[in-house]
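We just call them A, B, C and D in the order they show up, numbering each chain from 1.
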Amino acid sequence: MELVQTFLDQNTKIIDMGADFRLKNLSEWERLYSRKHICPSVVQEAVYGIPELHRDAIKQTNVVANPGCYASACILGMAPLVKAGLVETDHIIVDGLSGTTGAGAELDIPSHHPEIANNIVPYNVIDHRHTYEMEQELSLLSSTRVTVHFTSAYVPITRGILAICHCFPKGPVNRLALLNLYREFYKDEFFIRVFDMPPEPGASWQYVSYPWVSAVSGTNFCHIGLDVDEQRNRIVVFSVLDSVGKGGAHAGVQNLNLLFGLDEHTGLTRHGLHPY
Amino acid sequence: MELVQTFLDQNTKIIDMGADFRLKNLSEWERLYSRKHICPSVVQEAVYGIPELHRDAIKQTNVVANPGCYASACILGMAPLVKAGLVETDHIIVDGLSGTTGAGAELDIPSHHPEIANNIVPYNVIDHRHTYEMEQELSLLSSTRVTVHFTSAYVPITRGILAICHCFPKGPVNRLALLNLYREFYKDEFFIRVFDMPPEPGASWQYVSYPWVSAVSGTNFCHIGLDVDEQRNRIVVFSVLDSVGKGGAHAGVQNLNLLFGLDEHTGLTRHGLHPY
Amino acid sequence: MELVQTFLDQNTKIIDMGADFRLKNLSEWERLYSRKHICPSVVQEAVYGIPELHRDAIKQTNVVANPGCYASACILGMAPLVKAGLVETDHIIVDGLSGTTGAGAELDIPSHHPEIANNIVPYNVIDHRHTYEMEQELSLLSSTRVTVHFTSAYVPITRGILAICHCFPKGPVNRLALLNLYREFYKDEFFIRVFDMPPEPGASWQYVSYPWVSAVSGTNFCHIGLDVDEQRNRIVVFSVLDSVGKGGAHAGVQNLNLLFGLDEHTGLTRHGLHPY
Amino acid sequence: MELVQTFLDQNTKIIDMGADFRLKNLSEWERLYSRKHICPSVVQEAVYGIPELHRDAIKQTNVVANPGCYASACILGMAPLVKAGLVETDHIIVDGLSGTTGAGAELDIPSHHPEIANNIVPYNVIDHRHTYEMEQELSLLSSTRVTVHFTSAYVPITRGILAICHCFPKGPVNRLALLNLYREFYKDEFFIRVFDMPPEPGASWQYVSYPWVSAVSGTNFCHIGLDVDEQRNRIVVFSVLDSVGKGGAHAGVQNLNLLFGLDEHTGLTRHGLHPY
């Protein structure tokens, strides 16, 4: 935020890879980031950089706020359900599991191999800053204010995030109908893949009827799957992406392509190493 | 269940490491395990093998039903809150993360190293059989029927389970008060450790204010920690154990010690390799 | 070998991804693979598919024998030294460390996650079949018969091979001179990268003065580095590649490009995810 | 070395867990550790702390030099062959593969999870300080000066070291005879286990005919196995231990037991979690 006005004065478009322009609620931002915001007007002008939700606005803005990694996974995973008004918006519970590149390049305890290699490390388990991005963006899609109960943990993989999103349908739903809802919602989205492989009973590939983070590592793709516990009336949505791919740097390139009128896919068509 | 009557007739005490005597609701058991139960009367006699909840009954029974690994983690993690009547019992959401020994010694896709090493593999994501054990045992502690919304996933560690348990308090609560509740509940329990290290803001050791599975690997210990999102009114409880330790074989030894009047700790005092 | 004559009769060019045409010494091949060879004449016609050594012959043959993964790593790593006649050819010792995709897609004990995740598994520790490829190809470059003492082990990574090659110089050598020899030898080779970062004393990046398998994962690149123990008169060469990249499938594509007169780099320019 | 004289003056026995008293050759030590040694006389009095080689001397000394982890693995692995005079002593080649706890608790690049998790990191690849311990101790067992060509690398496991030791027999040898030699050499040694499971052809358990580091993790045991390439006249010895077990802290306890006349096994009988 220290530099943005200077760039704007020079007619330079900006993609902020940090968090300075993600939250419209300034007092919330100032509390969470323990700083005073110095360019509030730019916050209002900035567009939250998820093209699947804000493509047209991104094309027309000068400032894109590239989203947080967990936020991207959760928002993409929950958007169709929230938009359709199918679920209770005060009981959305999300566990975000992240690989260690999500902790950054800096040396730190939870990415120290002897500590994490046989471990799972919960951290920022309440009031994670990305929660506010999830609530802001999902509330925009909903007629009621959305609350997200988010907890994060590191697991011993290097790349990738799995968001396990639990929510409660207002009425009866089933897996197939919801998969169709998701397919329709993302039908024009190259980078979003909805998983629809229902497991045959006893088939070993039941494991791949839900998205695997290994399949999106190093890519701009986000894979989404789900299931419904009809007996207990719960929906669970799985959303996977690479925190330095669709959840970070690659998303920045996608936004850059949109900002400058390039083909949105430029530089981003690489698929993962994994066959699924 | 095919052998149990023969053993009982010989006055032999039994610890069933399988699932035949865990559920009191026979029709539910028969649906879940796709078989007819052949000794219903023994089911009623059997005691669910969590000593921390059923110590006296275990000492006096002839049949112990050794509990499921996820069930042990979740039940031990939620018991104090449910018993105290502090939380809504229809919105308990649990994500169970397991190492690959939890998948058994048999070769299978989710424990094939090339598939799991950089991956997280959701499986049995709804209606997992252990859910019914959780609901049965927690309901016994509660004045109202408890519903657990449980989802499981493999992570690339070999040993250990982390149960992330979310629930919603009926009234205002705070972390310290709840930790005290847990300490009181488990004050005589050698194998349960309640974590009470509140992180200093910015301290690197915030990571260890929650339990680490690496600390209970190869042991009969269960570590429990928690936090409270006072703003959104949510409690998150972390419960860790080794699925072939306190969640399996070691628990069987603990039950054996009780069944035969031995010191309950015999053979089980080994601590993990990890300092925490 | 069962199919090759049929294809040749139809004027179809062949890249054999198996081992049927790699060894010119038929009796050795028959002993190692416990079978009788049914088309010996094709063996003599076939070209061993390392373009860096046999590019012109590959362009003109109808049958390419795609090399073994360990063989590729060792041959590329040792070729410059052996060709220059600088080292004793009867004391070349190679430890080949492989990720678990090198064990194939089939489920097996050394790629079972609970077994390998905290382990190193030596296997085929003497007389590994790939040894004969190494000896054949390096002997072609040498005025004397080359003996390779090769041992392999699985390490808990999914992709990549590190060949640690030890040999003994006939006269005084130093690191810089040898790096120059390698740079000259591979100066026109796009897919071979010679590492030349001498570590500053105490610099943390000494670790990257030798090749890292993580940098070639999923690619057709082979990185080579080395060091010299001048006091004990030993050279150690490090050669890394991906066993299903430059050590397998990607090498097959490179050979295909050559066989059909395509740009040799077609489909193979992807770099690894790692910065180095 | 700054404190040792003070302690000796108080009649206090010393186990130095560092490297100050390991090497008898002071000028070599001073070059390797870039310091002047301040108590040369204690160096001569100190006993190198491998009980299997120096038990009686350890019992009678006041100063034990606890050995380096790689040195312990290599020395225990090569001692029987060198003592028997069966192998060329100028061509012993050892690759030491270490888990990341071997790198210490300090945060550093090769133990940063994103760097090491899918990687193998060679380091100190020539003239490693532990080489001098190997050469000193093996030379004591030999009629000729022993040279060790040692290279080390980190692999992504947390605990354990595998030393792959190659050497060349002076005359014909075979696996069974050498295993018998090792069994005889270590027949009274509780903490050394010689592996003698010859693989049935095609048996999957060929993998466990060589020692696994996973079996000695967290213990004071060292497992040793070997094989012979009769065709090329090479012996390969595998020696595994835990660098903070038999290769470090546990060895220190074993030395302490000897120094004070306790049962040598006190506190050290814990076996690994692994069945083999």
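Brief remarks follow.
We adopt the following convention: contacts are C-beta pairs under 8 Å (C-beta built on N, C-alpha and C of every residue); 3 or more make two chains touch, one makes a residue touch a chain.
Quick caveat, the model's predicted, so the values are computed rather than measured.
Path length between chain B and chain D in the chain contact graph, taken as the least number of steps between touching chains: 1.
Counting every residue number used by either copy at the chain C-chain D contact, over half are found in both chains.
Counting C-beta pairs in contact, the pair that comes out ahead of the other among A-D and A-C is A-D.
Averaged C-alpha coordinates give centres for chain C and chain D that are 31 Å from one another.
In whole angstrom, the spacing between the mean C-alpha positions of chain A and chain D is 49. Rounded to whole angstrom units, the spacing between the C-alpha centres of chain A and chain C is 41. In chain A, the residues that touch at least two other chains are 99, 108-109, 117-118, 156-159, 217. Only residues 117-118, 159, 217-218, 270, 273 of chain B touch chain D when the two sit together in their complex. Listed in rising order, the residues of chain A touching chain B in the complex are 91, 93, 95, 97, 99, 108-110, 115, 117-123, 125-127, 147, 149, 151, 153, 155-160, 162, 164, 166, 168, 204-207, 210, 212-214, 217, 227-229, 231-232, 234, 236, 238. Chain contact summary for the complex, chain A toward chain D: residues 99-101, 103, 105, 107-109, 111-114, 116-118, 156-158.
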